[in-house]
Structure formats: C-alpha cells, structure tokens
Amino acid sequence: MIECPQEIPCDPCQANCPAGAIDLEDINGTPTVDFEKCTGCSVCVESCPGLAIFTVDCSSEKGCTVTIPYEFDLPEVGEEVIGLNRKGEEISRVTVTSLKTKGDSAFDTPTVTVQVQEEHVNELRNIRRSK
Amino acid sequence: MITKDVIIIGGGSTGLALGYYLVNKGVDDLLILEKDYVGSGSTGRCGTGIRAQFADKPTIRMMKRAEANWKEISSELDFEFNRTGYLYLHYTESDLERYREMSELQNSFGVPTEILSPEDAKEICDLIDISEVKGASFNPEDGKAHPFDVVTSFRKYFRESEAELKENSEVTSMKLRRRKGLKLVKTPSSTYGAKVVVNAAGGWAPKLGEMINLDIPIEPYRHQAIITEPFKLGSIEPMIISMHHGDAYFTQTNRGGIIGGVGTPEDEPPSYNMTESLEFEKRVSEAFASIIPGLKHARMLRHWAGYYAMSPDGNPLLGEYRVPGHYLAAGFSGHGYMMAPSVGEGLADLIVNGQTDLPLDYYDPERVDRGELREDALQMG
Amino acid sequence: MRINDHPILSFPETETITFSYQGREINAKRGETIAAALHNAGITELRNSGDRERGRGLFCAIGKCSSCLMKVDGVPNVRTCITMVQEGMEVEKQTGFPEIPSKSTKLKSEIIEKKSPEVLVIGGGPAGLRASLTAASAGASVLVIDENPLLGGQMIKQTHKFFGSSDQEAGERGKDIGDRLSREVSDHPEIEVMTSTSAVGIFEEKVGIYKNREKFLKVDPEKTIVATGATEDMIKFPNNDMPGVYGAGGVQTLMNVYGVKPGDRVLMVGAGNVGLIITYQLLQANVEVAAIAEIASEIGGYFVHAAKIRRHGIPIITDHRVSRVEGTEKVERAVIEEVGDSGEVIQGTEKKFDVDVVALAAGLSPSYKLLNHGGCELEFQPALGGHVPKRDKRMRTTREEIYVAGDASGIEEATSAMLEGAIAGADAALSIGKGGPGEEDIIRDAREKLEKLRAGSYYDNLRSGLQEVEKPSRTKEQ
C-alpha cells in the first residue's frame, strides 16, 4: 500500500523494486503498484524515504499481516503491542510476528510485521509498545 | 516653477542647521533638498565627536560657539549632546609640548583645555594603557552627539515648521538667470527658483558646481569608520584621540557601540569610492587595542566609508561664491558635523543681515581664487 | 537530560571534562559546545538582555542569532552555541551589555596571515562541501571555512532519509550524506578545511576570516563561493524571548548533534517540512510533543511527513497562532488561538499547553549579508525566503568572482543545495582554467536534475521566484 499522493521528486521505491511492480511516470509522479507483479517482499517499505509504504499480506492461512516501517524502540517477536490507525488512535492489540532491525534492513529502515485482523488491515499503520 | 526665498541643497548636518537658524531668523519660505535621506551622506557616517581643541584662532572661536549652540539645539530639539570631553593622548614629549602651547591658545578663547598627567588621563578612562603615555590634553566641554538622533530631530523640527525639507529629491540640474538673479534648481519632480541658493552638499558640492560651470575646489577623500558590538554604557566616555596610532579616534555611542577610525593613508587619491578595505580593519584593530588592550576582544559590527570633503587648505568654504546669492557651505575637510551649528548661525546671519559676529571671512571661499590659503586646521581620522 | 537510547543515532562516550559556570563546577563531554553542556546541566538561561534585563536562552544553535552570548575566559559576547567546551574554561552569564575586559586575557594575540587558495568556499554545508569537492576534483586548490566546529552544515542533524532521485543521494539519511561529504572533503589533498572560522567581510576580492578567536587571516582567492545557508525566523508574540523558545533547528542541533534533550514537552509552531520532520525526531528522542500549531489553513509540508506524526497521535492544529508564552523564568505554558480567514483572532478559542519548550519552525531566511557586503546585487523574493542575490544559471552573482549556492541563494533543501554547489564549484574551476569538458557535463547534468526536482506543482512558487532572480548572464562586470 503506497500512501504517497503528492507530486514530490522521489523515486527509490520504483528504482529498488526487485519485481518491477511499481510504476512511476517520472520522478515527480505518484507511484502505483501492479499487484499482479508484487511479491510482498517489502523492500519498498524499507527503501521509501517518506515511510509511506506498508505491506498488507492476507495470502497465508494464518490470517493477515501488516508490515510497517518503524524507527522507534523496537518490540520483540511475539510481543503484544497496541495497533494504531493513521490518527494514532488505538484499534486493537496485535502480536509481532517478525521484524527487521536497522542492521537487517537493506535500506537502513527497521520494519515490524504484526498479525492483524482482516477488517483492520487498511487501518493499522503504527504500533505502540505497552510498557 | 515654485519660487522660494532660500534653497539649501544638502540635508546633512550643515544644511539642516543652516535651515534651522534661517527659520529662527524669520526665513520661513525655505526649501531643503536632500538627494537621499537626511544624514545619508557624510553626517551619518561621521565619528560623532564635537571639539573645540583646534590650533587656529578662527576655528577655536567657531567651535566654542558651535558647542554652545549644540547645547541649546539639543535641549530645544530633545536629543543627547553629551559633554564627555576629548582626550588627546600624547606619546612623545614633543607632542605634549605642542599641545601644551595649543591649550594656552584655546584657554585664551575660553576653551578650558587642561594638560593632564598619564595618571589623570587614566582617571578619565581607566581602560587606557598608560605605560607609554607621556601626558594628555582634555577639554571637558567637548562632546558627542549621535548623528541619527540629530538628523531625525531636525526632520521633526522642519515637519512642524513652515519650512520644507524634501528628501529623495536629487538636484538634477541648476541654471542661473541673470534677470532678477534667480537660480533655477530642478529635481526629477519639480523646478524651483530662488535668489539665494546654498550648496551644502559636502563631498558632492563640486558636482553641483559643474551644473553652473563653477569650479568648486573640493575633493572627496575616502575615510572609513567602524562600530563594535555594544558594551556597558559609560565604558569609554570621552572621545579618545591618538595621533601616535595613525590618527586614531574612538568613543562610545549612547547605544553602547565603540565608534571610530584611523586616518587614511596619505597616498590614497581622492575618489568617490565608498567601499571598505580590509587593510583598514587591520589598522583600526591594532590602533584601538594598543590604546585600550581590552578592545582586542571587541568585534566590529559594521564598517563603512564616507568622505572628507577637502578644500585646498583643509578649512571650509563658507560664504558667497562668484555669483551673487550663490553660497557655499562645504569643504569642511572632516569637521562639518561638529561645526554645523555655528556655521548655520553665521551663514544665516550673513544671508539675512549681511553680517555676522563669527569669523566667517576667514573661510571666504574666494580666498582660494586669490591664493590666500589658511593654515591647515588640526585634523584626525 | 542526555539521550541514551536512540533508534537511529548513537552518541559515543567521550572523555568527561570539567568547566565552571558562575564559579560552579560542571561536567561536560569533550566535543560538545558550551551551550549543549549547560543545557545538559539544566541551565537554559544563558544571559540577560541588554536593556530590559530579560533572560535569554539558546535559539538557533548554529551561531547565527546572538541569543547565547556569554563571557568565556574573560572574553565577552562569545557564541556559546558554536564554541566547544574546554577543560577548565570559565563561563559566566552576562547581564546587560558586557564590560570591556580591563586586562589582557588568556588569549594569545592575533596573528595576521595571508592565504591565496584558488577557490574559497564560505560554508561547509551541503552546498559548500559539494562545491569544494567539485572544484578540487577539477584541479583547483580550495579553502573551505565554516563557523561551526563541525563540517556538514545542517545535514549532520537530519536523521530522516532524503527524497530525490535514487541515482543521487535519495534514500540516504541526511546525516550519513553529511558525514560522507565531510570525510571526502577532509581527505582531499587539494582542500584545506578550517572550522570554527568566520568570514567577516568580502572586501573587493579579499576576504577577511577569523579563526578560533585568535587568528585573523586575509584570504585572497580567485573565486569565492558563498554557501552560508539560512537563518531561522523569529515570530512575534509576548515572551518570545523567554528561555525555552527555540528555533526548531536549534532543538534539532541540541538533540541530534549533541544528544541533549531540549526539554520534556514541546509545542511545535509551524507545519512546514521543518516542523513536521523535527516533531518526528523529537518523538524518536523520546520527547513528548503536545501538538503542532499552524497559522495557515493547510499543512505546508509534505503529506508523508504529516502522516508520520499523525499516526503517533500528534494533533496538527491549523488556523492557529501562538498568542503568548507564559512562565516566570522560562517557558511553562504556551497559548494558541484560532484565527479567521482575514487573520483576525477568534475570541474564546484559546488552547493552553503545559510545555517547557516552544519550537519555532516558522520559516528560514537566506544568510545574504556577506553577499551584500561583497557588492552583489540582491533582490527581495518572498518565494525564496527573502533577500537573495541575482545570478545566472551557473550560480555567478553580479560580481564575477563571487558565486552563491544553497539556501543563501534561496530556501530549498539539501539535494538542490548540493546540485547548486556542484554547478558553482565546476564553473569556478572552469573560469580559472581548471577542469574541462567533464566540468561542463557536471553543470549540464546538475541543471537538468535541478529542473526535475523543481518540476512538481508543489514548487510552482519557487519556480516563479527563481525566474525573477536568474538572469541569463551577468548584469554587471566588476
């Protein structure tokens, strides 16, 4: 899911997509995803300088996951965290299924993947650790 | 054409003070034309100092009166004229002796200059390094006034009077009409005519002369000055002078900055160049820090250049010049600001009454034509 | 108030040193500024103003305002935001205008030296560093100076990744770009670097510079590139001078360069990119942000930057101005209120926030004064942030030997600053007979990239402002 509606001069998502699934007219265009080609690898999530890309994956039988870029104190795998929407409001408690640290990330941006109920996949865009 | 009794060209200290005295003597139908804004020429670039410590009788008399007039005008127009004195520091016995003689002459005209020991000089400003100082001369009646306070006070005065002060009004041409003795003065927006026109344009006076084919023997010499960041008020009360440090002079303004400069190298030719030189900053810092070591740590905030409008003998050109009703009040050679109130009074007397008790004949501009040059007035900066 | 765990930055342990403030011993880290060390010790009132005796704290943190002046080792008016703390330093608060030191101090006397690099670059930020590298690679000898103790300009505090084209630096964090360029410049055999060095004026072709408060140098370069950056704007409201009111960039310097928290809870003023980005960075530094207040009806910054902080629940309150700041000695509270369409205040809309920091991200103005002093023709262009020099497409000002690059030529961002730096550096080299077709390629390529960067509708105003000041050729020969 690319949430980048403005014409700003930027292209790393398109340039780095291994599947060639992101279309960008020119550097000032707004990116669109060809979901036929997208493999869900989340390289774009790591490479987007604006932290504006999220992966929603409902292909597994275990349910849906959302992968978000997360440049804060990282939770642990298996930890229960609070899922937040675009306004920072709490949606539900969710569980971390995997993460990439700054060092693991190909583009220096840590990411967190959480298990999310299907009705929340287009809402959940942030998490907060419950301390 | 708009006719006036008197037109003054130049809105610096000279033109403004002359206008003030003319109004006081009943000349209300008066116009002052300033090409930029009041004080934008040499007045706003000056070192703020006012002194009567000169070496020749007429200038001592003119300055004695000027100081009295500064006091009067400052209280009437409500600006600060601080009589904090001029302190000349002498670093050789011969200089001390020369200034001792000068002080006697000054005393004879009622100027109370005293010769001080180095320790007495330090009493006046304790920041001075007196280790090399042999003595000092000090006139407590000398002082300083901030030129921006002065010109804005005059501007307010003319706003409230019948006389007219027009800024942003550059004179673009002048003509002499033989009939009726009218002088026509054009600005981009109007044409004015008057029987009496005073050229008080400082370093720019020769350019006005050219318009009526008159050679005015004045040349602009670039002089630079600086001001530092502000310090606690009262840090340096008097104007401090050292001829020993390249004609250095400095004092503190009523805003707190230390303002001053050093002399221009003798080989610098006259020009309308108004840029600042790095060389000057080097010389000024060395001079100031030698006189007051703590000034080593003062940063210069601004640095600018202005003109000394030099006449052939370093004395002003004051009075009617070659054409009846055409007056010069220019060529002050570095002393125009301090002298303005007595020049204004004397010239106003001359224009209105045909005579004055001030020694204006000493400064008769036609002396140059006659080859009667005066002694150089005591200069610095 | 040090930042210990940061998701992006690490602040290495350095030697602890001791200095005195008002006679009291204070610990500091070697390599931090006096102001940063004092902030860490909880001292935020650095001086009292000249005439009204009001407390003043840090504001810009990069040596551009004069809010942090203190007496250091007997020397008054030292900019403590760009002066590194040293073991045994004596720091004193100034009340009112300072006294002229009565005796000679510890400082050594000034030495006047002369230097004649082919190219002098004033400012070691993105524009200046890129200009230095480009000119030096073409074979010119370069001297680059900066007032700050560190090279890199404002890039060294940008923890976010830059936008732009992936064949340039896009996707790289500003800090990493700054560090990389600084390293390349420092390692380059043709480039001499002088930090903690101020340019005091451009006199004809000579430039006066002042190093470490000790040495005065006369630099006589063939070409000068002015890359002096920008100054943060102050806005008017009661108590805007109270310690705790900072430029947003000042807050960023404190926390991202020196690892010191500016306070506990912040009101950000301004929702342009600077305000949005720094809000996000405050959250990363574990500082609470109460809200962002924006006087306009719309958020000025990029949607994606706003989205990053919205999803942390930080409200962006548009149509609101700061009406005042309250507190006894430092900021304790900020009050905002709604403004109507014609700028009038709507009564009864006050909102109060208990904060100890108010960060102003109200715009930037180009630092043009050296250009003005050097005799370059300036023009006031609101779309570019204020007074900017007229120049041609090779960044030459109206004085042939003076170039401009980066924010000093108009407020944009670091990517365009680097491109302008490359153009200025390449043309400066060419104009003194260095380089060749390769430099022409650099200029052409950078121009094309600049045009692409500025092509979007977001930059309509910027483009029309640039058109006004970019003249096809020099207007005046010097």
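Note that the chains are named A, B and C in the order they appear, and that numbering of residues resets to 1 at the start of each chain.
Going forward, a contact is a pair of C-beta atoms (placed from the backbone, for glycine too) under 8 Å apart; a residue touches a chain by one contact, two chains touch by 3 or more.
All of these numbers come straight from a predicted model, not from anything done at the bench.
**Student:** Which chain is the middle one, judged by CA centres?
**Tutor:** When every chain is reduced to its C-alpha mean, the one closest to the whole-protein mean is C.
**Student:** Could you compare the number of C-beta pairs in contact for B-C with that for A-C and name the larger?
**Tutor:** A-C
**Student:** Return the distance between the CA-based centres of chain A and chain B, expressed in whole Å.
**Tutor:** About 74 Å, centre to centre.
**Student:** For chain B and chain C, let me know how many angstrom lie between their CA-based centres, rounded off.
**Tutor:** For chain B versus chain C, the centre distance works out to 43 Å.
**Student:** Indicate the whole-number Å distance between the mean C-alpha point of chain A and the mean C-alpha point of chain C.
**Tutor:** Centre separation, chain A to chain C: 33 Å.
**Student:** Show me the residue ranges of chain A that touch chain C in the complex, using the header's touch definition.
**Tutor:** Touching chain C: residues 3-12, 15-16, 26-28, 47, 49-52, 71-74, 84-89, 102, 107-110, 125-126 of chain A.
**Student:** Any idea which chain C residues touch chain A in the complex?
**Tutor:** Those in contact with chain A are residues 5, 7-8, 160-167, 170-171, 173, 283-284, 302-305, 307-308, 310-314, 452-458.
**Student:** Using the touch rule from the top, collect the residues of chain C that touch chain B in their complex.
**Tutor:** Going through chain C, the ones touching chain B are 50, 75-77, 96-105, 107, 109-110, 112, 200-201, 203-204, 206-208, 216, 218, 373, 375.
**Student:** Flag every residue of chain B that touches chain C in the complex, lowest number first.
**Tutor:** Touching chain C from chain B are residues 126-127, 229-233, 235-236, 256, 258, 275-278, 281-282, 285, 292-300, 303.
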